[in-house]
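Before any comments, here is the structure.
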Amino acid sequence: METLEQIKARIEAAAPGARVEIVPNGSPANQPSLLLDAGHARAVAQFLRDDPALAFDYASNATGVDWPGKTIKEKIKVKKMVEGVEKEVEEVCEKKTPAYLEAVYHLYSMARKHGPLILRLRTANRADQVSLPSLTPVWRSCEFQEREIFDLYGIHFEGHPDLRRILMWPEFKDYPMRKDYVEPDDYEYEPTPHDAVLTRAREHYPGGTPA
Amino acid sequence: MSGLDQIFVSLAHWVAGWFPASVQPLVSAVLAIAGMMAVFGTCFALTTIVERKVLARMQNRLGPNRVGPFGLLQPLADGLKMLTKEDIVPFSADHALHFLAPLVLTVPVWLAFAVLPFGRKMSAIDLDAGILFFFAIGSASELSVFMAGWSSQNKYSLVGAMRAIAQMISYEVPLVLATVPVLMLAGSLDLNDIVAAQGTYTFGGLARWNAFTPWGLAGLLLFLIAATAESNRSPFDLPEGESEIIAGFLTEYSGFKYALFFLGEYLGLFAVTGLAVTLFLGGWHAPFQWLEWVPSWLWFAAKFTSLIFLFIWVRATLPRLRLDQLLNFAWRFMVPLSLINLLVAAVWFWSSAWNFPVAAAVRWLLCAALIALPYHWLGRVLRGPLPPPRQYSYAE
Amino acid sequence: MNGLGIIKGMIETARNFAGSYHDPQRLTTVQYPEQKLPPVENARTIPFLVFDGDEAMAGLRCTACVICEKECPPQCIYIVKDQVKKPDYVGKMQMQPKVFDIDISVCMSCGICVEVCPFDAIKMDQVFELSTGDRFGKLLLDKHQLAKPNDYFVKIHKTEAGEIDVRREEDKLKAEAAAAAKAAAPKPPATPGAAK
Amino acid sequence: MSAGAISSELAEPAAEHQLLEVSLGPQHPSTHGVFRMDVSLDGEVVVKLKPVFGYLHRNHEKIAEKCSYLGSIPYTDRLDYICSLTNNWAYAMTVEKLAGLVAPERAEYIRVMLSELTRLINHSALAGFLLQDMGALGTPLMYAFREREKILDLFESLTGARMMCNYMRFGGCRCDLPPGWIEQTRSLVANFPSFLDEFEALLTGNEILLARTEGVGVLSKELAVNAGVTGPMLRATGVNYDIRKVDAYGVYGRFSFRVPLGERGDVFDRYMIRILEMRESLKILEQALRDIPAGPIIDPKAKLRNLRPKPGEAYGRIEGPKGELGFYLISDGGPNPYRYRIRPPSLINLTILEDMCLGQTIADAVVILGSVDIVLGEVDR
């Protein structure tokens, strides 16, 4: 399998205007991934599958990941006029990392039998613009997995043949796998409440748990 | 010899003797009915436990052995359980039909036992058209199955009932056609005459049962296959195919109605097995001449239990057929084969003059070939063109 | 459809039918309440607390370090520390649990508490008849119900218990030797600047 | 009398309102767990089939995000609860990739042996369940379970539990083989082929079985690859893709074994491929038992308790009995994984259930579902 850079170059050649970035991977598993822009994702996927040299005909895994923005406190040197004297002052300023939802695809080639090529698609933000192009028309194996990402994360996949909830019941409103999901307080009587459960038990049964 | 053999007949006469002459026929009829219901009632109870134990032994487990010694009181326990179980009737069900279905199944099946000869001079009614009576009664079970399926207002029951109707009707034809050669050669519809026709012994002392003739053997196999289909047993238990349509027409039945359905099904099996013994295995005759001293009803019981064991054995082994395969098997294989069996019986009757040893062997082989070739050819036609044999390649 | 395959299958079931009467390989049923399978040494059902000596609460090895409570995946262990300290087998003063509950209706017998316990205080039992009449309460075992003597632990897990006992003996001997050496050696003269 | 002929005969186009809407499951004897299929029947022939999941969904992935790396291992037993050891191995391997740990030789051999024993359990149990769906009342299933019991006893004597083994750790295994375990395994492997011969004698030649499975649920090569079908189902269509050969993970590279490939990809091929794969697994077991080295069974550097791998991600996959079982872990340096994703082979193999069942009768749909080999613990997570 060619290195990621060669693949990146060939993708940009094949799909003009597609912005492709290489996202490094810190763990010793050295599996860096390719970040695609949502617009050309379907065209790039089509190319990856149909190109005889690459032949990624098998999308093994489609995963949703939730990246809520983090506020990072950074110390940066800044020149500031302090009592008329030009001085270097360290200043703490908060920088918010961009918040987005992400769909990660692991592609393999059954014909060439070569290793994982990881694609990442990111939504604009976590609130309203949460739509991505669906890759099910290219690889049928993403059908149920994209439905699960929609069900648990809320990424809306356009072009998906049958986008509805797969694991939760249809009337369920929220997206349970997001980091800011609040479990409903569906506390039922537990026979042996103790520790954290004990506190919730007291809220629900101030008069002491029924025997 | 006739003391032990006629023990039940003399017992009945002795008890009937207590009553005035005018009412004696009624009393002997009641005695016959009571005897049959007692014998076949306990036989039903025993068969449920024996079936579970034999099935278990074939699957390397023990089978029920907790209730009573060796589990013999298990049928009692099942009966009590069925009695105490709540009898749930779906709200949208057609209550009258739902209630009547088990009765329509079990009542006619008891009647079928009236004509079967259990021993020498031991058949309840000596009808000269015994077989006709038997098959007329036997076809009532289809009605009850469809009543049960339709009245339960349940999709699975409906599918099960439709399957049951298709299966039972299409297997009634080979069942009857398989008995026609026996009637032809015995020359009468009366079961006692048929048993008597098989009473004589060949030079070697071997009884002249129909099953020892080629057409008789083929007839017996056809009869047994059709009988399994008639009584909804294993390879043909589509009407209550558990793994597909839950319990078919039995889905909405619980409590004693469910037990009644089981009773009806088993009694149907006993009746058809009794008929198979009478037609092909020489009724209550002994297999060898020097074994004539054994009481006749004991021979009937022995053949009867061996056939029941065969049914259980088949149930333990074979998976279920699909509905269209079932019907194709009946119409494209069983019916033509039973018609050819008629031809073979005719050839057997025409060549009955060849009775010195060599000619008898030639006669036997001729008829056997006459039935084996169509069997093989029809089998090939039924399966359609043989798919190329499957070979599995191995990748390193 | 020539029926030979079916006949071959029938012969197979017949062989099993006959075999199940004489071939021990074929009939493997163990009739449970009367016959019981011999317990396997590594088997594990629910945890129990080990105590040395004969008096349960005094000999408890547990020092209420709550590592098992943190590591337990279904969070079914509940510990309240008791400020009263007591010496452990090497004489070091250790805390002890005032309350040590395990909710065996939640425990999934995974054995992680045994792995992470640094004091060999909690081990996996082999009792599996745990059903109780009362659904509530009886399934929360407190430390009195959980505590079992060390020789019970030796009985069910022979090899593991053996190694642990050997190790504890060595530690005890080392500790006594160290204590004896410290007591025997004259108190060193107050070296100047000792309180560095 | 192939299946094609059936559909043309029976399936005259029925008006929409005449279709019989039946929901097979979640309470159904042959859906292998709480799984529902909304089937609309025209007589006996399936016209529309929509699988419905979620009855066993407990959001295993959210629990794992709150649990430490060590704490998730017992939960992986509950994924595909028939093959708990292969689940453990897939998770442990992915964490090793994430944290850069290496398991010692002996541990790798033990892992290969246990996963091949698990494959034997899964394939024999599946053949039994498949025949149960076809109506053979429990006889093949009981023979398969008789053999499975022997293997479960081996697991109990090694890991402590029959099904919920919780045995593998990142960097090796939890405890070493008890004395006499290898001899027991060797005798089991020696007389396992006699069970397979008995099984094949009972079933493979059986005309009714051939009639019920030949030409039923045919799956084409291209559709299988595109739909991400993996495992015996894929190899039954003839695609040569076995992750033990492709990735050669663990020490599989040292064993010589072959990968059986089917031809037509119908239910009979899937049944037959699993039987042949069992014979290959026995070969691997013999070789592993012959040259298992002595030595430590866990990497001393592996910290059990608060393992904090460097921020990054890793995707590890193994050839589970049901297909490619993958784990995708993202770590942000904390003790709990930031994202913990499982690639469930059972769920993805169900993508083409409807394509296989259209035009077949309801009895076939049940048999096709049986041949797909799903376990709802893994489908619903």
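Read from first to last, the chains carry the letters A, B, C and D; within each, the first residue is number 1.
Following the convention adopted for this analysis, a contact is a pair of C-beta atoms (placed from the backbone, for glycine too) under 8 Å apart; a residue touches a chain by one contact, two chains touch by 3 or more.
Computed from a predicted structure; not experimentally measured.
Chain nearest the geometric middle of the protein is D, using mean C-alpha positions.
Here B-D and B-C were compared by C-beta pairs in contact; the pair with more is B-D. The mean-CA centres of subunit A and subunit C are about 42 angstrom from one another, to the nearest whole unit.
Separating the centre of subunit B from that of subunit C, both taken as means of CA atoms, is a distance of 60 Å. Here the spacing of subunit A and subunit B, counted between their Cα centres, is 66 Å. Looking at subunit C, residues 1-3, 6, 9, 12-13, 16, 26, 28 sit in touch with two or more other chains.
Contacts with at least two other chains are made by residues 139, 143, 146, 202, 206, 208-209, 211 of subunit D. By the touch criterion stated above, subunit A contacts subunit D in their complex at residues 25-29, 31, 57-61, 63, 65-66, 104, 106, 110, 113, 116, 118, 139-145, 152, 165-169, 176-177.
Contacts from subunit D toward subunit C in the complex involve residues 67-68, 70-75, 139, 143, 146, 149, 153, 156-161, 164, 166, 174-175, 178, 198, 201-211, 304-305. Those residues of subunit B whose C-beta lies close enough to touch subunit C in the complex are 54, 57-62, 65, 313-314, 316-318, 329, 333, 376, 379-380, 382-383. Against subunit B, the residues of subunit C that register as touching in their complex are 1-3, 6, 9-10, 12-14, 16-17, 19-21, 26-29, 31.
Contact residues of subunit D toward subunit A in the complex are 53-54, 57, 59, 61-62, 97-100, 223, 225-230, 239, 241, 246, 309-317, 324, 326, 328, 330-331, 339, 341, 343, 347-348, 350-352, 380-381.
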